[in-house]
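These are the structures in question, set out in turn.
Shared between the two complexes below is chain A, which has chain B as its partner in the first and chain C in the second.
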Partner chain A sequence: MAEQDSFLHLARPLGPASIGAQPSTAPLSVTIQPQAIFSILDHSTRRPVDQERVIGTLLGTRSEDGTEIEIRNCYAVPHTETAEQVEVDMDYQKQMLALHLKANPREVLVGWYATSTDLNTFSALIQNFYGQQGDGTWPHPAVHLTVSTVPGKEIESRTYISAPIGVTAERAADSCLFIPVPHELKYGEAEKSGLELISSAKDNEDRSQGMLTDLEGLERAIQHVLDMLERVSNYVNNVLDEEATPSSALGQFLMNALSLAPKVDPQDIERDFNAHIQDVLVVSYLANTIRTQIDLSNRLATAALTLGTGDAVAGDANKDGGDNKNQRGGGDRRNKGRGQQRQQEA
Partner chain B sequence: MPGPANTLLIEGTFDELTDELAQYLDGLKKSQGDESSDIQAETSAFLQDGKKDEALKKLVVGSEILNQAPEKEFIAAYNLLIHLVRQSPNIGMYLSRICPNLTKPIASSPANGGGLALAVLGTIFNIVPADNDVRYHVLLAVLRVIRATSNFETLRPQLKQLDQWLEKWEMDEEESRKLYLAISETAGEAGEEEHAYTYLLKALRTFPSDEASSPEAKEYSLRALKAALNSPSHFDFQDITELDSIQALRNSEPIYFQLLEIFNSDLLDDFNDFKDEHDGWIDDSGLDAPALNRKMRLLTLASIAAATGQTRSLPYAHIAKALQIPSEDVEMWVIDVIRAGLVEGKLSQLNQTFLIHRSTYRVFGENQWREVASRLDMWRNSLIGVLQVIQNEKTRFIQEKEEEIRVADQKLESASRGLGKGRGKPRQTAIDDDLD
Partner chain C sequence: MVDTSRDAPLKGVQIEALVVMKIIKTSAQQFPTIATGALVGMEVDGTLQITNSFPFPTVDVPSTDSHQDSASNLAAAAPRAKANVTYQNEMIKFLREVNVDANNVGWYMSTSMGNFINLNTIENQFFYQKEMNERTVAIVHDVSRSSQGSLSLRAFRLSPAFITAYKESKFTTESLQKSGLRHHDILIELPVTIHNSHLVTSLLHQLPSDAPKEELQFPPNLAALQQDPNTPQPPLYPNFDSLDLSIDPYLEKTCDLLLESIENHHTELNNHQYHQRALGREQAKITAWQQKRKAENAARAAAKQPPLPEDEWQRLFKLPQEPSRLEVLLNSRQVEQYARQVDGFTASVSSKMFAVKSNLLPGE
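Entry: the complex of A and B
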C-alpha cells in the first residue's frame, strides 16, 4: 500500500438523531477485509474497454454507535458514464442487495466503491444515492472507497464519508463534500503467507509455484530469522564500536525480547524433551500399527474376491476377533469388503 | 500519487454560489433582528465589477453570523464558504478570519457545537495543501476547540502524524514548542498524564542547547521533572535526564537534580540519605512523598534484580534488606514490581527465592549492550545448528528416496524377468505371511 495521505479526521457530520439517542459527531474508522479488495480488483480487470472506472456496493458490519465500520464483502453494479450523465442500474442494485442480505443477514449496506482515485460530481451524485433515506445507509453516512487500479503502480485505497454542502436544497442534492476517514486493511498471518506463496509464482517462468513442505517452510523461516538476527547484531556491534549512537530504549527492548526465554534448568529441559520424544514415538508406533491393520484387512477382502475359496473366508473370520480389539476404522472397511464378498458367493 | 486535490464537489459558478450564500447570510441576520444587513447587494455589486476578493471579504466578515445557523445547516453553509474561499489566491488570509469564529461557542447547538466546529476545522485542515503552514494555525484552533469542549480522545489517534506534519511545514523550534505545549496542556486537562508528559518532553527537546538554561526552559523542565517523579506509572528517567534543559538544572536547581539522579540510578539507601539531608524539602516542593517512597522501592528491587547476573535468582532475605521491609511483605512488593512491568519472574515459596526471567536495566550502558550482543550470538549459533540439522536430514531424505527408487527398479526388473511363473503365486504367500 502506498503511503498514507496526511489528513485530520476529527468529527463526522451530524447525522439525524435516532430516537432516544443523542446525535453524535464522534469520528469513525474503517477496516477493510482483503477479500473485498480482491473482488474489487477482479471487477476492475473485467471492465469494459471503454470504461474508465467501475463501481459496486460495499457490504459489511457497523458497530452500534456507528464509529467502527468493517467492509467484508462487495458486488459489482453496472453503470455507464458519459461526459454529461451517469446511469446506475438501480433495480439491479436493489435486487442484488436484497439477495445478499438474505444470504448474509448479519451484513448491512455500508457504501460503495469506485476503481479510480478521482472524485467528480458524478461521485457526489452516486454518494448521495447511497446515503439517501430509504434504500441507502441513512441515518449513517455512506462510505466511499476508492481503489486505484493503474497497471504497474501501487494500489492505493482511500475511504471517505460525505457532508452536505450548499445552502439551497437543489444545490445540496447533487453535490457533497468528501471527508477522508482513516482506514486499515486487516489481514491475518495465514492470509499473508498464502499470498506470499502465490506471488512468488510471478518470478517463475511457467507462472506456477508448488506447495512447500513443512520442512522447507521451517528452513525458510529459520533463514529469515537468521537474516534478521544478522541485522540486529550488526547494529549492536556498531554501537559497541561506537559507530552508531546507542538508543537505550532500543537496547531495553532488545534485552526484553532476548530474555523472554524462561529460566529453566538444563536437566529439566532434557527430561521434558525426552518425555516428549517418547510420546511422539508411541503415537507414531500406534499410527503405524493401525495403518498395517487397515492394509491387512483390505488385502484380505480383495484376496477373498480373487480367490473365492472357503479358506479365505475362514481366515478372514479368524482375523476378525483380533482386529476388533485394536481398531475400529479398519473394521468398518472390512465389513464393506465382506459384504461384497458375500454377494460374490451368492 | 497524491490524493484527489478537490474533495468539495458542487456545481455552479463562483458568482451563483456567492449570491446564494450572501442571500442565506442575510436571511440569518434578519431572523436575528438585524434588518439593515444587505450583503447580497454589496457582493453582487462587487461581482459585477469583477472584484472577487472584495466580495469574498464581505462574505467572510458576514460569516460570523453562521454560528447562529441551525445545526443541520451549519456544516453545509460553512462548506460552501470554504469552497468559495478556496478559489481565492489569498486563502490563508480568509482562513485566519474564519478560524477564530469557529473557536467561539456555537449558539444554535450547545450539545454538538464542538463536534460541528471540529468537523469544519478538519475540512479546512484537509483542503489546505499538506506542506502549507496554514495548517499549523488551523491545528492550533483545533486544539483550542478541543480544550474548550474537553474532547481530547478524538484528537489522540491523529497525533501520530504530528512529527511528520511539523517537518513538512518547516516550523521553527519556537512554533513547534508552542504546539507541543498546547497539546500537553490539553492532554493534562483531559487527565491523560502519560500523553501530557510525552508532549512536554517533546516541547523540551525543541529548546536549542544554548537556550537550555533560559527561565522559560527551566520552568517547563521543572514541570516535566515533577510530573515524571509524581506519576505512579513512569519508571524510566533516562529520557528526561538526557535533555539539555534538564542538565542545565544541575546548576540552577541542584536539589532537584540530585533527586533525579537518585531516581535514575541509585538505591533506596541513597534516597533515605537524601531525605535526611534535606529534611522537609520534598513536602515543601509539592512532591508526593509516599508515592516517591513507593517508587524508589520498586526501582531498587528492579536494580538488584538486574544485578543478579547469570544466577538469575534472588533470596527473600536479600530483597527484604535492600527494601528495608519485613520479610513477610517481600512477596507483595515483588508482585507490585512485576505489575509495574519492571521485572518478570516467578516466586518460589519453597526455596524462599525469586527466580528472575527478565529484568529492566535502569541505566543501559556498555555492559548491557555487550550482554545483548552475546545473547544475539548465542541465539544465532543455535539457529545455525538447527538449520544444519535440517539440511542434513533433507539431503539424507533425498538420498534415501533415490535408494528406494533404485531398489524398486531392480525389483521391477527381476519381476519382469520372472514373469512367466505367473502373478498370483507370490501375492498369496505374502498374505499367508501376514496371517501368521
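Entry: the complex of A and C
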C-alpha cells in the first residue's frame, strides 16, 4: 500500500552473544484482515488528547514454517510516552492476551502496531519486548505494523520485522534494525457483503447507511454492469468507425468472454424458465398460505374458549387446522422434488 | 429528565463498521456452530450506538454425534452463562482503560437461514433486559443469507408485554386471552444503520474501486492482459454476488425448515388437544362425583343426618396442568420469519430470472 522506502542492505554487526538465540530474520509475507485495520483506526480515534500515537497487540495465525503471517485481530494496550521514557502496561497486555486467547484459542501473538509511521528508540524497545523469549513471539520474529493516521493525508501502512543490532548488551536492548517486509490487505468471502455495505456509505455526508434490501442491491449491481458494458461497446464501436486504435489482445479477450455465453435452444429455455418460475412462485405462495394458517390456528386456539361451546369443539378446530397444513406441507415437498427432477433433466 | 429518556423506546441501532466486521469474522469462523458475543457502546437520543464488540469464549466439547446437540445448546446459551458474565465484566473493565465506550448494550449471535427464534434467544435477551440493562439489543447476523449477496444484520428487543408475561411464566390460553399477546408481539425489530468513522471513510476512498478513467496502454497480447497486476478488482460496492442465479439450495433449505416448524406446531397442538381431553374427562368425573354427593346429601337430609361437605372434590381430583403456549408462540413467529424470508427471496429471484430469459431470448 505505502511506497517502500529505498533502503541500504549492509552487513551488520551481529548483536552481542549474551542475547542468546536470535529470532529468525528470514523474509516473510504478512496478510492483514480488514477488521484488524478497522480496529486500529478505531483505537486511533479514541486516543488520549495529549498522545501522538497509540499502540496495541496484533493477534493472528502463522503458517507452519513461519513465512506467512495473517493478522486477524488486535487489541489496544495503554501506554504513556514522554521525551525521556516510555511506559507500556505489561500487566494489561498479559491479561488482555489471556482473555483474547480464551475466545480465540487458535490465534497467537504475532506482534504489535503503532498509529504513526515514526520508528524511534521507543519503537525498538517495544519491538524487543514483543520479540523476547517467554512472553514474546520468540523464536519467530515479532511483526511491527505502522498505520499512519494523520488527518487529511492518506492512510499508509507498513510492516517490519527486526534484527538485533548494537555493540554491547546494554545498547542491544534498546536498539534494533527494522527490516521492511511486504504486506497486503485481504478480505474473505464472508466479509464481502459486510464490506459492501460499509463502502456504500463512503460517499454519504453523515457516513452512515441503512441496511440494503436485496432488490436495491440487485438494482445497483445491474446498473453497474450496464455501465461497464456501455463502456466496452462504445470502444468497440469506435474501433469499427476507425476512430479508436484497435488492439488485437483486447479483441481476443472480448471474443473469449463472448464465447462463454451458452447456446441453448429457445424452446428449452422457455420450458426451463416456465418450470422454474412456477416452482419459485408455488413455494412463495405456499409459504404465505402457511403463515396465514398458523395465524388462524393460533387465533382459534385462544378464541375458542370464549365461545363457551365446550372444549371439544376447540380441539377439533385445532386438529383440522393442523391436518390441513400438514397436507399442504406435503404438497410443498412433492413440488420441490419435481423441481429438482426438472433441473436434472435440464 | 432522566426518567423521560429512560421511558422513551429505543428508536434505532447504529453499528460501527468495526463491529460489523468483527461480528462477521467470528460468525464465519464458528459456522455452523452459533457464535455469540457482547456489544458495548452507548445510547444517544434514543439511538443505541454500538461501537465495539468481543466474542464470548467458545465451549470446546468433543464433537461426537451424541454431544452435538448439547454443544450447540451450550453455544447458544453462552450469553447468559455465569462464566461469560464474569468474562464480559472483565473485558469491559479492560476496554475502559483504552477509552472504549464501556457500557454493555447487548449481545450478538450468528444464525443460518433465519433460524433463530427459539427459547435460547428469548432467554438470553430476557436475561440481558432484566439483569444487565433494560436498554439492550440482540443483533442477529444471518451467515447463509449474507453469503447470498446482501448483508443481513438485524436488531431485536423483547416487547414489554412479552416481558411481563415471561416474568410470570404464564402462557396459558386464559392469560393469552387476557393480555392479547400474539406471536407478532414477541420481538420488536429496530432499524439498523451502519456508521463509519472518518478514518475508515478515508481508507475506503483510498482503495481502488472503479475502473481507471484515464487512457491506458494497450496490452501487447492476451497473456499480458490476463496477468496485468493493474487489472482493477471487482468493486466492493455494488457487490456482483447478488447477481448469482443459484436459487434451489436456498429455497430448498428454507422449505425444509418450514416443514420442521409445521411439524413442531402440530406436535404442540396435539399436546394441547391431549390436555383438553384429559381436562374434559376429569371435569366429567368431578361433575359425576358432585351429583353423587348431592344425591347422597339429599338422602341424608331426608334421614335427618348432617350433610357431607360438598367441596371435597378439590382434594380428590386434580385438574391437569395446561401445557405452556410459549412454544407455540415462538414457533409461529419462526414460521412467519421463514415466510417473509421466502417472500423477499422470490421477489429478487423472479426478477433475475426474467432478466436472464429476456437476455437469452432477445427476440421476444
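Just so it is clear, the second predicted complex is superposed on the first by the 250 of 346 C-alpha atoms of A that agree within 3 Å, B and C clash if a C-alpha of one lies under 4 Å from a C-alpha of the other, contacts with A are read in each partner's own complex, and residues count from 1 in each chain.
We adopt the following convention: a contact is a pair of C-beta atoms (placed from the backbone, for glycine too) under 8 Å apart; a residue touches a chain by one contact, two chains touch by 3 or more.
Computed from a predicted structure; not experimentally measured.
Colleague: Hey, is it chain B or chain C that touches more of chain A?
Modeller: C
Colleague: Report for A:Pro105: first if it touches chain B alone, second if chain C alone, otherwise both or neither.
Modeller: second
Colleague: Check the residue A:Cys176 against both partner chains and state whether it touches chain B (first), chain C (second), both, or neither.
Modeller: Touch status of A:Cys176: first partner only.
Colleague: So, A:Leu258: does it touch chain B (first), chain C (second), both, or neither?
Modeller: The first partner, chain B, only.
Colleague: Between chain B and chain C, whom does A:Ile165 touch in the aligned arrangement: first, second, both, or neither?
Modeller: first
Colleague: So, does A:Ile222 touch the first partner chain B, the second partner chain C, both, or neither?
Modeller: both
Colleague: Mind working out whether A:Ala301 is in touch with chain B, chain C, both or neither, as first, second, both or neither?
Modeller: The answer is second: A:Ala301 touches chain C but not chain B.
Colleague: Could you tell me which stretches of chain A are touched by chain B in one complex and by chain C in the other?
Modeller: Of chain A, residues 215, 218, 222-223, 225, 248-249, 252, 256, 262, 303, 306, 315, 318-319 contact chain B in one complex and chain C in the other.
Colleague: Quick one: in the complex, what on chain B touches chain A?
Modeller: 1-4, 6-12, 17, 20-21, 23-24, 71-77, 79-80, 83, 109, 111-112, 114-116, 118-119, 121-123, 125-126, 130, 139, 142, 154-155, 157-158, 161, 164-165, 168, 238-239, 312-313, 345, 355-361, 364, 366, 368-373, 375-377, 379-380, 383-384, 386-387, 390-391, 393-394, 424, 427-428, 431, 434-435
Colleague: Which bits of chain A are touching chain B when the two form their complex?
Modeller: Counting only chain A, the residues touching chain B are 2, 5-14, 22-27, 29, 117-121, 123-124, 148, 153, 156, 158, 160, 163-168, 171-172, 174-180, 182, 215, 218-219, 222-223, 225-226, 229-230, 232-233, 236-237, 239-240, 246, 248-249, 251-252, 254-256, 258-263, 296, 299-300, 303, 306-307, 315, 318-319.
Colleague: Which residues of chain C touch chain A in the complex?
Modeller: Interface residues on the chain C side: 14, 16-18, 20-22, 24-25, 27-29, 37, 51-52, 54-58, 60, 87, 90-91, 94, 97-100, 143, 146-154, 173-174, 176-177, 182-183, 191-207, 209, 211, 218-222, 224-226, 235-243, 247-248, 251-252, 254-255, 258-259, 262-263, 265-266, 269-270, 272-273, 276-277, 279-280, 325, 328-329, 331-332, 335-336, 338-340, 342-357, 360-361, 363.
Colleague: Quick one: which bits of chain A touch chain C in the complex? Just the residue numbers, please.
Modeller: It is residues 1, 33-35, 37-39, 41-48, 54, 72-73, 76-78, 89, 92, 95-96, 99, 102-105, 149, 151, 154-155, 188-202, 207-215, 217-218, 220-225, 228, 231, 245, 247-250, 252-253, 256, 262, 264, 266, 269-270, 273, 276-277, 279-281, 283-284, 287-288, 290-291, 294-295, 297-298, 301-303, 305-306, 311-312, 314-315, 318-319, 321-322, 325-326, 329, 332-333, 336, 339-340, 343 of chain A that touch chain C.
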